[in-house]
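Supplied in structure tokens, the structure appears directly below.
Labels run A, B, C, D and E following the written order; every chain starts at residue 1.
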Amino acid sequence: MELFINILGAIVTFLVAFIVGMTYGGLNRKITARVQNRKGPPFYQNFIDAFKLSSKETAIHHGIMHYLGPAFLMVSSVMTLLIVPVFTNNGWFPNLNFKGDLIFLIYIMTFGPLGMALGSGQTGNPNAAIGVTRGLSQMVGFEIPWVMALIALMIQYHTTSIEGLMEAQAQTGTWFMFSSPFAFIAAILAMFGMFRYSPFDIVSAPTELASGPASENGGKYLFVMMSSGSVFTFAKLTLYVDLFLGGAANLPVLLLKTFALYLIPILYGMTTPRYRTEQAIRWFWGWPSFFGLLAIIQAVIL
Amino acid sequence: MYNDKNSQKIVDYIQNWTRKHSIWVLAYGTGCGAIEIPPTMTSRYDSERLGIRGAATPRQADVLLITGYLTVKTLKRVIRVYEQMQDPKYVIGFGSCTINGGMYFDSYNTIKVLDKYLPVDVYINGCMPRPEAVIQGFVKLQKRIGEGRATGAKHYKENLEWYRANQKKIIPNWVMPEYNW
Amino acid sequence: MKELKDNIINRIKANFKDATEKNDFSYNRLDFHVNKETIPSILFYLKDEMGFIHLSHISCVDWLEEGEFEVVFIVWSPKDKIKVFVKTRIDRNNPVLDNIDMIWRQANTYERELKEMFGVQFTGLVAPEEFILEDWQGPPPFRRDFDTAAYAEKTFWHRPGREDAQNVRETISKRDGEEIPDFAKKYER
Amino acid sequence: MVGTPVLFIAIPLLAAFLIPLLGMIWKELVRIVPGLVLIYLLILAVNLLDHVMVHGPIIEIIAGWAPPIGINLVFSAFSGFLVTIMIFLGLLIWLYSYRFKKNVGYEPAKKYFLLLMMLITGSVGIVLTGDIFNMFVFIEITGISAYGLTAFYTGRDSAEASFKYLMLGSIASTFLLLAIMIIYSQLGTLNMADIANRIHTMNPTYKIISLIFFITALGIEAEIFPLNGWAPDAYSEAPGPVGAAFAGIVVKASVYAIIRYIFTIFDVDGAFNFLIIIGMLTLIIAEMAAIRQEKLKRMLAYSSIGQMGLVLVAFGFGTEEGVYAALFLMLNHAIIKSLLFFSGSYLVYNSKDKLIAEMNGLGKKLPITSFLFALGAFAIIGLPPFAGFWSKLSVLTAAADKNMIFIMSLILFVSLIELVYYLRVVNRLYNSKEKASSIEVKKPTANALITMLVLGGLILLIGFYPDVVTGVLHKASAALMDKSQYIHNVLSINQ
Amino acid sequence: MATLYLIFIIFLGGAILTYYAGKLGSVLQDIIFLATILGATSLFYAGVHINDFMSFNPGGITLTWGINYFGWLFSLIVLGLGSLAAVYSVGYMKGKKRRGYFYFNFILSIMAMLGILVSQDLISFFIFWEIMTWSSYLMVIYNGKDDQKLGLKYFIFSAIGAYAMLMAIVMVHSVTNTFLIGNMIEAYPQMSLSWQIWIPILFLTAFGVKAAMMPLHVWAPGAYSSSPMAYTSVFSGALSKMGIYGMVIILVTMISHLPQGIWFRETLAWLGGLTAALGTLWAIKQDDAKKLLAYSSIAQLGYIITGVAIGTELGLLAGLFLAVMHALFKGTLFMVVGAIEKQTGTTNFTEVTGLIRKMPWTFFSALLAIIALAGIPPLGGFVGKWMLYEALITSNHYLLVILIFFASTAAFLYCYKFLFGFFMGQEEKEWEHVKEAPATMVVPMVLMALFMAVLGSWPGIILNPINNGLVDLGFVSTYKHLWDTSILFNSWGNQVVLKPLLYSVVAIFVFFAIVLIWKGFKGTRYVSTKDISSSGEVPGENENLTFSLGFAQPFLRAVGPVMKRQIDRYYTEFADGLESFFEFLRRIYTGNGQTYAIYVFVFVVIVLLFKDVLF
């Protein structure tokens, strides 16, 4: 029975994440349009796109890995969602969050992109492989400040589990955003790379690489990738909220906090032109890593 | 339930509605027409408000937008791109060159009538058509999609031999992979 | 500039007996007319000895009436800021010329274009594939005796409704009452 | 008892002089006789050694005069062990060069076997004798036959090498004679035991000067740096088996002489440290010189010099473990270096200019020879489970027991150099990228092959089961260390 | 206990028999080879009891043989991987030259490694160590070509290590007067401080060479890539672990008693971290699969060294678990490369592409091995990585953990390059004829791949023996009972419950795979890799659409300054300098007799002058 409830909770979480993620994507497009002095698409445009893609026919595939690539991607995002506690009191969605910890999370987050990369690789499209290597290179870049921030939190509160960190946050009463500001800054800067919005979108540069890893994926493949991306967005934002913004007790607060966080990379991206890969990597190893280092020093001192 | 006619209608309606409001355009920028696409997409005319956005590869695209004259050499590529697109797919001919050759009416290597070679759903005339006209063309296409009348691809599939004969007439050295989508 | 030009003219004429110069164009342009056998040596000389290290273009003019092609090599000296047109006439029925892409690699491109568009044969030209005209089976289309309208009529579909535009000059003259100039009448198709 | 030690000197000497005469009877006798003699001597040596192990040393008095007046031969566990090695090696060299005649003709072969027998006589005499002047005589015999053997190929280079050897050898004789004169003038005796008994009464200055002269003189023969200028040339110009004879017989005898002087006769403690110093110098310089050699035989010569340096270092520790290690090293050196010289001379034979660089791909043409060379190289580097490992281990153990960390690390560093140059050759042998060679392959003859296989087998045997020799070595080293017992044994013979 | 003798006799006899059986027939050779390895393996596990020792005295030295729990753990790697690689070798060597040579050295290597594990005294340890060295050296020069002197380099570095070890051994002997390892460990605390420091340094040098630790690793890329792949899987998988084996013994039994041991640990841990990072960077740069895997091995050994060096229980467990995992996945990967080399004749990424449909089983094992290598859940590699990170974090190595993290993230690049280079990308016409490798090669790979998958959720299978081994070494295990389950713990009390996670991953994957397959499976058909959206262009026969050259170039540009200079070059320059110095010294021997005579007199004069000092 408990298992059944768990599974049910997982499904509900997934649906919520899907809807919220899709909406955020639409809002992103809307906000971008408004910033560019356009009317922009409606906020539900992403839903339309997704359903259209799902109803598009798919007549060809390039082999088994290409076929299953999006499934790998989905595993990664759904697992991330399952491990991140959605609400602080755990009442609604009792997921798997007590079964994993941050290191597991970091690794499961890379599972999907790599599986997808194999799928793209099998298509034989050189653009796909080039995009993948760019993405992986960029990942090496942003993982450094991201891990630094996480480690700073871990060593300060002597736990590697997300729950443990959230409890510590609840006990101190201060959000880590304020008590560990450097870690927060480093993590946020790393998040720019994680979302691959504007300055770091060379991975799928549409005009240069023909959308990179996804260049051979249309129809249902793209639909699954898109949903996975939405779920992943939500999961990552929730993780940030849990770690730095004191978590959220109910859905409105969660939405508020996640959306506030979501605005940061979007707004940064709108004002910044695209970096080349090595520029992006060096950017991440510059100030973000410096803040990460400060965070670790702060954690060691405290 | 799937075979139920009414529900099929509803499904079709929803599908057509989403297709109508989400048009991903693969702009095949031949000739001078390509210059009209940026203003159509960007702030002033903002086609994205209608759900029209660019797609990078034929696999993801819904609409093949042919912006201007097509030489024989380019036609070969365009046919290839069109056949790589996934159903449902539409073609928009753009500018008078695609309609009757335009100013290239007596050119030795430019096709004059696009719809003999590809199933054009909507023509936008003008030399060049301004972005307003382009958007109107898109709206027209949306309307046809919504009504389920944009069946160019189906027509192409059904009359493949005729199209193929026309194509092969001017492309004697036909080395392309056979029809696939 | 004049001294420079004179110097060039003198040196060229001293070395190539068949070269005739023409020097009434813009201030930095010089024309030489040579026999077709002299082309590689004069270009080589210009490149190596005179500093004309840049090949701007190779062009061709179809002198239909005289039964000749005039092939024009345009070279440019960045040091002296002078461009030299080296012209030669070849028989229209047997348009053969020496290949010069060992002097300038980029000449290969121009020669391929001339080969496709005018049918000028360059001996020893290595061209891996068609350059612009894929699967072209008709006569070289830039020759003036090639009737492009007739070819298009024969090859492509035409949408009816633009018969009035069949001959632009006639239409214009009919509409505006202007007379067709003589040079245009001369080549009436 | 089967025989007496004097036979070791008498029989080969006799054989040496009889060889030309026998040759007149039947030409084949020239090469058969030495073999028979050596086989007999080997049986004798092994028997005597077996006897000595149990019953203590045999002292043989020559011409009826008892020591200290007369000349005596001492066949102790130590000297007997060395004699056995030498005879065994002599036998192998004979076997290896049995078909020599075929290549060089009758006359040279006759000379060769004659000189070889004399060489063995002299060397065995050096080891066995108990009298320093007698030792001088034997050293001269050895030297003269060695000069002859060096010049064997009668070319310009070999003559030059031989002349160098001769020159330094005569300097050595002079110094040796001087040293003997000093001793005799001071103590009035030439018997080793007697000298050892009375050496403490000698004037220290004279004592040390005579010791220095001894070391200089014998050092020339024992290839001590910087006295070993003759060695590389002589080794590389002499025939392959002669190189083995130098390394295995002559030098061993000379080292024996040095050790006898330092351990038994003189009571100078500083001499041990001096041994270590010059031994290390010899080792290091020789190995460094070896690494850049282009000719295989020269390389082997330098390697041989280095090994002797290591032997001296091991002796210089002055402890029983040190002596044990040194003896083990000498044994291994005799076996392994002979194998290297034997197989190496076939490799050289198959390369046009005797250069290492020309030996590419010989491993395929001469599989067994190359394999044995590689085996020898691995063994001399000290790789387990081959023979060389145990001696290297015992040297290092002896050094560690004396807390000589620096010496240990130097030895190991030098071993590394040794490894580099040996492996370069082995690598080349098995490198299939061969240059076009016009020389047709000369396969080793059956007797040479048997010789090399015996040596290879010995290397493996000692490597896998060192117990075959360790007992003898322990006895021998104990015999050397026990100075008073030696004196007592010799001097009490007339009672 | 005579079983051990029997095992070694089987090995030796088998080696020699196999060498000569080639003349009678290759099948017989294969049978003898397999019978030797498999027979000895089964005999070892059937007849040898743990902690049962025997002694004998050759050459007056007491030698003791027997196996303890720690050695038994490594025997799993050696014999397990050895047996599988032996089965693989039969397929790999089919139709190749010098099979006898290969089998002989293969058996000797396995024997030597087993010998190292059963040696309880330093002499037999050293002997087996050296047998292992030269048998692997002979494998490195198996091709008969050593133009770049890779074998020589390997041997010289091994010799440096071996001599360092020999020195340490005799130093120990001069204190204890025996060669027994147990006595050494007992006597260690009583030694003088300088010896307490020097002996571990010397030992760690020896083990560091075999474990390809940072400044001593330069032999590894060449040696790993030039020996036959069937052997390299053992070479990299098992033989390098002997270095780890020795290192753990030294670290646990010696350095933990040393007050200054913290410096050892830190230095080693950082060296391991640097090894991991730089090895990874160089691996990314390689275009040849063998070289890539060789550098990757170096990097992975770096993780292992870091894990065992930090010395907490979690660290040791992580290091040893990673060691087992490394044996598994690197063994598999080298086998994969061997299979590809066998089927296509090349291992260069720029030449071979698109083999996934030709060699599906090889791809399957490569995929699992790469996932394990990258440390991605739910395979076994993740367990090791997790424990390593947690160990580093809980033992306050904050910067080190970031270095390790950097290395393992950058490793994704070469992981992807490996899979993409061989199996993905364009299916070239040149490789149309390629078939799947024979069963003897595929079965070992797939078995190992599946075992890795099992270890991902039930790591207790390996963690328990590791714990037993550590207890046997005298390590105080604090939470032994917990390793029986599939839950990972760190010392802060955090945990990862593996089984539910595995089930979730599998369930989600299967669900979405079904969704993808069900939705429009009917209409979907396979199209070739030439049929891609290349701007409408139809790729011709000879058109190269393969992306394999300059892979990950942007990343390499970003880290460019680090990789400007290879450590090799320093060694080469040092050696060249040394040689020219020797060349200079060699001139002492001028070849002039007069000079030599002068030397003699100078010698006499000098000695006479300094006779009071010298004597």
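One rule holds for everything that comes next: a residue touches a chain if its C-beta (ideal position, glycine included) is under 8 Å from a C-beta of that chain, and two chains touch if they have at least 3 such contacts.
It should be emphasised that the depicted structure is a prediction, and the values quoted were computed from it without experimental measurement.
Under the contact definition stated at the top, the chains bordering both chain B and chain E are A.
With contact taken as defined at the outset, there is no chain that touches chain C as well as chain D. Note on connectivity: the fewest steps through touching chains from chain D to chain E is 1.
Comparing per-chain C-alpha centres with the mean over every protein C-alpha atom, the closest match is chain E. Among all pairs of chains, A-E has the largest number of C-beta pairs in contact. Set against the C-alpha centre of chain A, every other chain centre is closer than that of D. Among the other chains, the CA centroid farthest from that of chain E is the one of C.
Note on chain placement: the centre of chain C and the centre of chain E lie 69 Å apart, centres being C-alpha means. As a whole-number value, the distance joining the C-alpha centres of chain A and chain D reads 79 Å.
A straight line joining the Cα centres of chain A and chain C is 61 Å long. Centroids built from CA atoms put chain D at 97 Å from chain B.
Residue numbers of chain B whose C-beta contacts span two or more other chains: 57, 59, 76, 180. Shown for chain A are the residues in touch with two or more other chains, namely 57-60, 210, 215-216, 219. Every pair of chains in contact is given here: A-B, A-E, B-C, B-E, D-E. By the touch rule above, chain B contacts chain C in their complex via residues 72-73, 76, 99-101, 105-113, 116, 166, 170-173.
Within the complex formed with chain B, the residues of chain A that make contact are 29, 33, 36-42, 45, 48-49, 51-52, 55-60, 206-207, 209-211, 214-219, 222. Residue ranges on chain E touching chain A, taken from their complex, read 354, 356-357, 367, 371, 374-377, 382, 385-386, 389-390, 393, 396, 398-399, 401-402, 405-406, 409-410, 412-413, 415-417, 419-420, 423-427, 490, 492-497, 500-501, 504-505, 508-509, 512-513, 515-517, 519-520, 523-527, 529-534, 545-547, 551-552, 554-555, 557-559. Against chain B, in their complex, chain C makes its touches with residues 132-138, 141, 146, 148-149, 151-153, 155-159, 161-162, 165. Those residues of chain D lying in contact with chain E across their complex are 160, 163-164, 167-168, 171, 175, 208-209, 211-213, 215-216, 219-220, 226-227, 229-230, 232-233, 268-271, 273-274, 277, 285, 288-289, 291-293, 378, 381, 383-385, 389-390, 392-393, 396-397, 399-401, 403, 405, 408-409, 412-413, 415-417, 419-420, 423-424, 427, 430-433, 465-467, 470, 474.
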